[in-house]
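In the two assemblies presented below, subunit A is common to both, partnered first by subunit B and then by subunit C.
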Partner chain A sequence: MSILREARLVAAKDLRIERRSRVALQQIVPFGVIVLVLFAFAIDPDRGLLPRLAPGLFWAALLLASILAVNRSFAVEEANGARDGLRLSGLDGAAIFLGKAAAIAAELALLELVLGVGVIVLYDVTPRNALVLFLTAVAATIALAATGTVYGIVAAGLRVRETLVPLLVLPAVTPVMLGATRAFESALGGVPSEAWPWVQLLGACAVLSVIVGVLAFGPLLEES
Partner chain B sequence: MSRNARRVFGGVTLVLLAITAVLALWVSPADKEQGDAMRLLYLHVPTAWLAYLAFFVTALASALWLWPRTRSTTWDLLAGASAEVGVLFTGLMLMLGSLWGRPIWGTWWEWDARLTTTAVLFFLYLGYLALRRTADTSEQRGKRCAIAALIAFADVPIVHFSVNWWQTLHQTGTVFNPKLDVQIHGTMAVTLLLSVLSFTMLYVCLTLSRLRLAELEEGREQRELELAIAERIAAEHPEPAVTV
Partner chain C sequence: MPVVSMRSAVCLLGRFPALAGADLDVDEGDILLLSGPNGAGKTTLLRCVAGLVPLHSGTAFVFGHDLAFDRRTARHELALVGHETFCYDDLTVRENLRFAAAAARRPNAAADAALERLDLGRVADIAHSRLSAGQRRRLSLAVALAREARLLLLDEPHAGLDPTTRETLDAILLGAASEGRTVVLASHELVYARAIATREARVVAGLVQGGLAPATTKPEPKPLEVRA
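Take a look at the complex of A and B:
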């Protein structure tokens, strides 16, 4: 079996669990939307600040929700020795990484769509430069999902996993948060051409985090 | 290092630190523009240098642990010891910088590239230390800590790069210029140099002590178990009295 086919199997497994349990749809997505609403409470909506701050708030909400997605992705393997099953399945470590990261990325993409509609409706944002927005979202999503998956397996099986994952992931994804926010700002209100360096930075982050995951996931899974 | 050598080294470090304190507080003149606030730099500069050195040592020790030929528990323990001291110095650096920034820049905190990177660095290694605490022995910690240390170390340049870019693309307008390269007075230069030297020795002392402590902790359970077994055996099979 090729690595990609194995990865598809793992991703399909994770997404099937999410489709049946509906945790992503009924808990993680609403959580993201609630964070958007909370931001509006924190910042007085009447002063016209919300549309200007929307890019940063969008990515902050997504980042917080992505922690839940990562924790969920590894929580489903805690019970019934499922991680042992995964370890003994003979699947390539890199393939398992790619599969789990792809499943998280798919959930994040869904969340981005919902949050995107959220900022348009709630924060009065007018979408512009769809291509920049799309490429930024793709690169940032891959980087977030891959980094989250790496730290997810680092913390897998630990009693403090759920509190440890945010502490590990959030500082590590600073460049993604910065890059995605600036790129969105440029696309929505500033000079669109200024977004490209940030999109490139996000692309580099995505590639690097995938490489790290492909190399490190196997050994980490054996250990967990 | 033998016990005596450690004591001598620690003593010399203390003496040098005392000399540094005297030089920094009384002998060296106040800065023409910054006044006495400048004296904080005698602490700030060495803590900054040691934070970076400590994390470099952590990364190096983690790499040596991961490499099968050089794998030894000592490397894992050294990585942890150095990271702990590094986090301590990073925290001190941020605090001292903040105290210095208040009178000189007029603000406790500036979203400058170097400051922001350092803050992220602090949290990255706090996470690493939290991860280390999840297991008691080097065996259990194993790969995950070593790999996490290497990822954290590799992440630092990317964070620095992105933050730097953020600041150049979005100039906040505040005039930030630490101008450390202004001519440094003879006494000031000597004081700073001595400060860096004595604090580096302090780092070595602290890290070695922490390493020794970690080594003692590491073997403790095993030794306690062996002791308990020996006691039980001795109780059940009393040794025949030795006759001369």
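Take a look at the complex of A and C:
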């Protein structure tokens, strides 16, 4: 079986579990929306700050929710010794990484759609430069999902997993947050051409995080 | 070539040598019973063979693959039935089986056959989280069957089974051995386990007593003997 077919098997399994348990839909998405709403309350809308801060607030809300998605992805592997089952399955570590990261990315994509509508409605933002927004979202989502998956397996099996994951992931995704926020700022209200260096940075982060995950996940899974 | 070959194998759990220099040979078609007191190292030995516990020192080969360097390759050919099911609570019995079969590069038909063999058809579309303890034990066995493994590692396989399922299990293990597959089971239920085992080795304090295979290449049932 090729790596991609194995990855699809793992992704389908994770997404089926999420569809059945509805944790993503009933907890992670509402969490992201609540964060957006709280930001809206915290920042006085009359001062016109919200539309200018919208890109950063959008990505901050997404990042916080993505931590939940990563923790959830590895929590399902804890019950009934499922992580041992995954090791015993004989699946390639790189395929498991790609599958789990793809499932997290799919959940984040859904969340981005919801939060995007939320930003438009709550923060009075008008979407422009759809191509830049799309490419930024794709690259940042891949980078967040891949980085989260790598650190998810680093913390797997530890009693402090749920608190350790944010400590590991948040510093590691700082360039992603910076790039995504700047690219969105340029696309929404600034000079669109200024977004491209940030999109390129995000693309590099995405590629790098996937390469690290493909190489490191298998050995990390064996040691987890 | 033995299916499993260990020499002076040491496995640590933390700093504790759960295996303290074990020697073991298991040949094709063997049904090897590992007996011994609680905490002797039986489960660790099974997990070491499955590649779940790293080898600290000594040598261990499974299907010729050196576990010191490659714990993954042999897993395509083995299945472990442990204390846990290794299954997902939110997936149904059928979905868990099909995932296990697909991961082992087996068709859905292998999963469906295992489902029927363990009489799990009635609960096939029930989520794992809603299964009783006995049904979970049967599902563990079904997962091992669905993988069509050449080496079956079973930790207390008779525990928690009703008489009918126990008979089914024994028939499955005897059938597997007659097909040339290899079975290693750790058990305290010696009456049941000795009835099907072709060899017995006793594990005491991380050492395997009587673990080396007879010189014959073809396994023959022989009188059960515990060598202390």
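The definition used in the following text is that the second predicted complex is superposed on the first by the 224 of 224 C-alpha atoms of A that agree within 3 Å, B and C clash if a C-alpha of one lies under 4 Å from a C-alpha of the other, contacts with A are read in each partner's own complex, and residues count from 1 in each chain.
Here, contacts are C-beta pairs under 8 Å (C-beta built on N, C-alpha and C of every residue); 3 or more make two chains touch, one makes a residue touch a chain.
Here the structure is a predicted model, which is why all the values come from computation and not from measurement.
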Sticking to the clash and touch definitions up top, decide whether subunit B and subunit C on subunit A clash or fit. fit
Answer with first, second, both or neither: which of subunit B and subunit C does A:Arg16 touch in the superposed model? second
Just subunit B (first), just subunit C (second), both, or neither: which does A:Val212 touch? first
Touch check for A:Arg52: first (subunit B), second (subunit C), both, or neither? neither
Residues of subunit A touched by subunit B versus by subunit C: which partner has the larger set? B
Touching A:Leu201 in the superposition: subunit B (first), subunit C (second), both, neither? first
Scan A:Ala79 for contacts with subunit B and subunit C and give back first, second, both or neither. second
Could you tell me if A:Leu88 is touching subunit B, subunit C, both of them or neither one (first, second, both, neither)? second
Overlay on A puts the nearest Cα atoms of subunit B and subunit C apart, in Å, by 7
Both subunit B and subunit C contact which residues of subunit A? 222
Give every residue of subunit B touching subunit A within the complex, in rising order. 120, 123-124, 126-127, 130-131, 134, 142-144, 147-148, 151-152, 154-155, 158-159, 161-163, 165-166, 169-170
Could you pull out which subunit A residues touch subunit B in their complex? 150-151, 154-155, 158-160, 164, 167-168, 170-172, 174-175, 178-179, 182, 194, 197-198, 201, 204-205, 208, 212, 216, 219-220, 222-224
Which subunit A residues qualify as touching subunit C in the complex? 1, 6, 9, 13, 16-17, 20-21, 76, 79-82, 84-85, 87-91, 93, 218, 222
Inside the complex, what are the residues of subunit C that reach subunit A? 50-52, 71-72, 75-76, 78-80, 82-91, 95, 99-100, 102-105, 127-128, 143
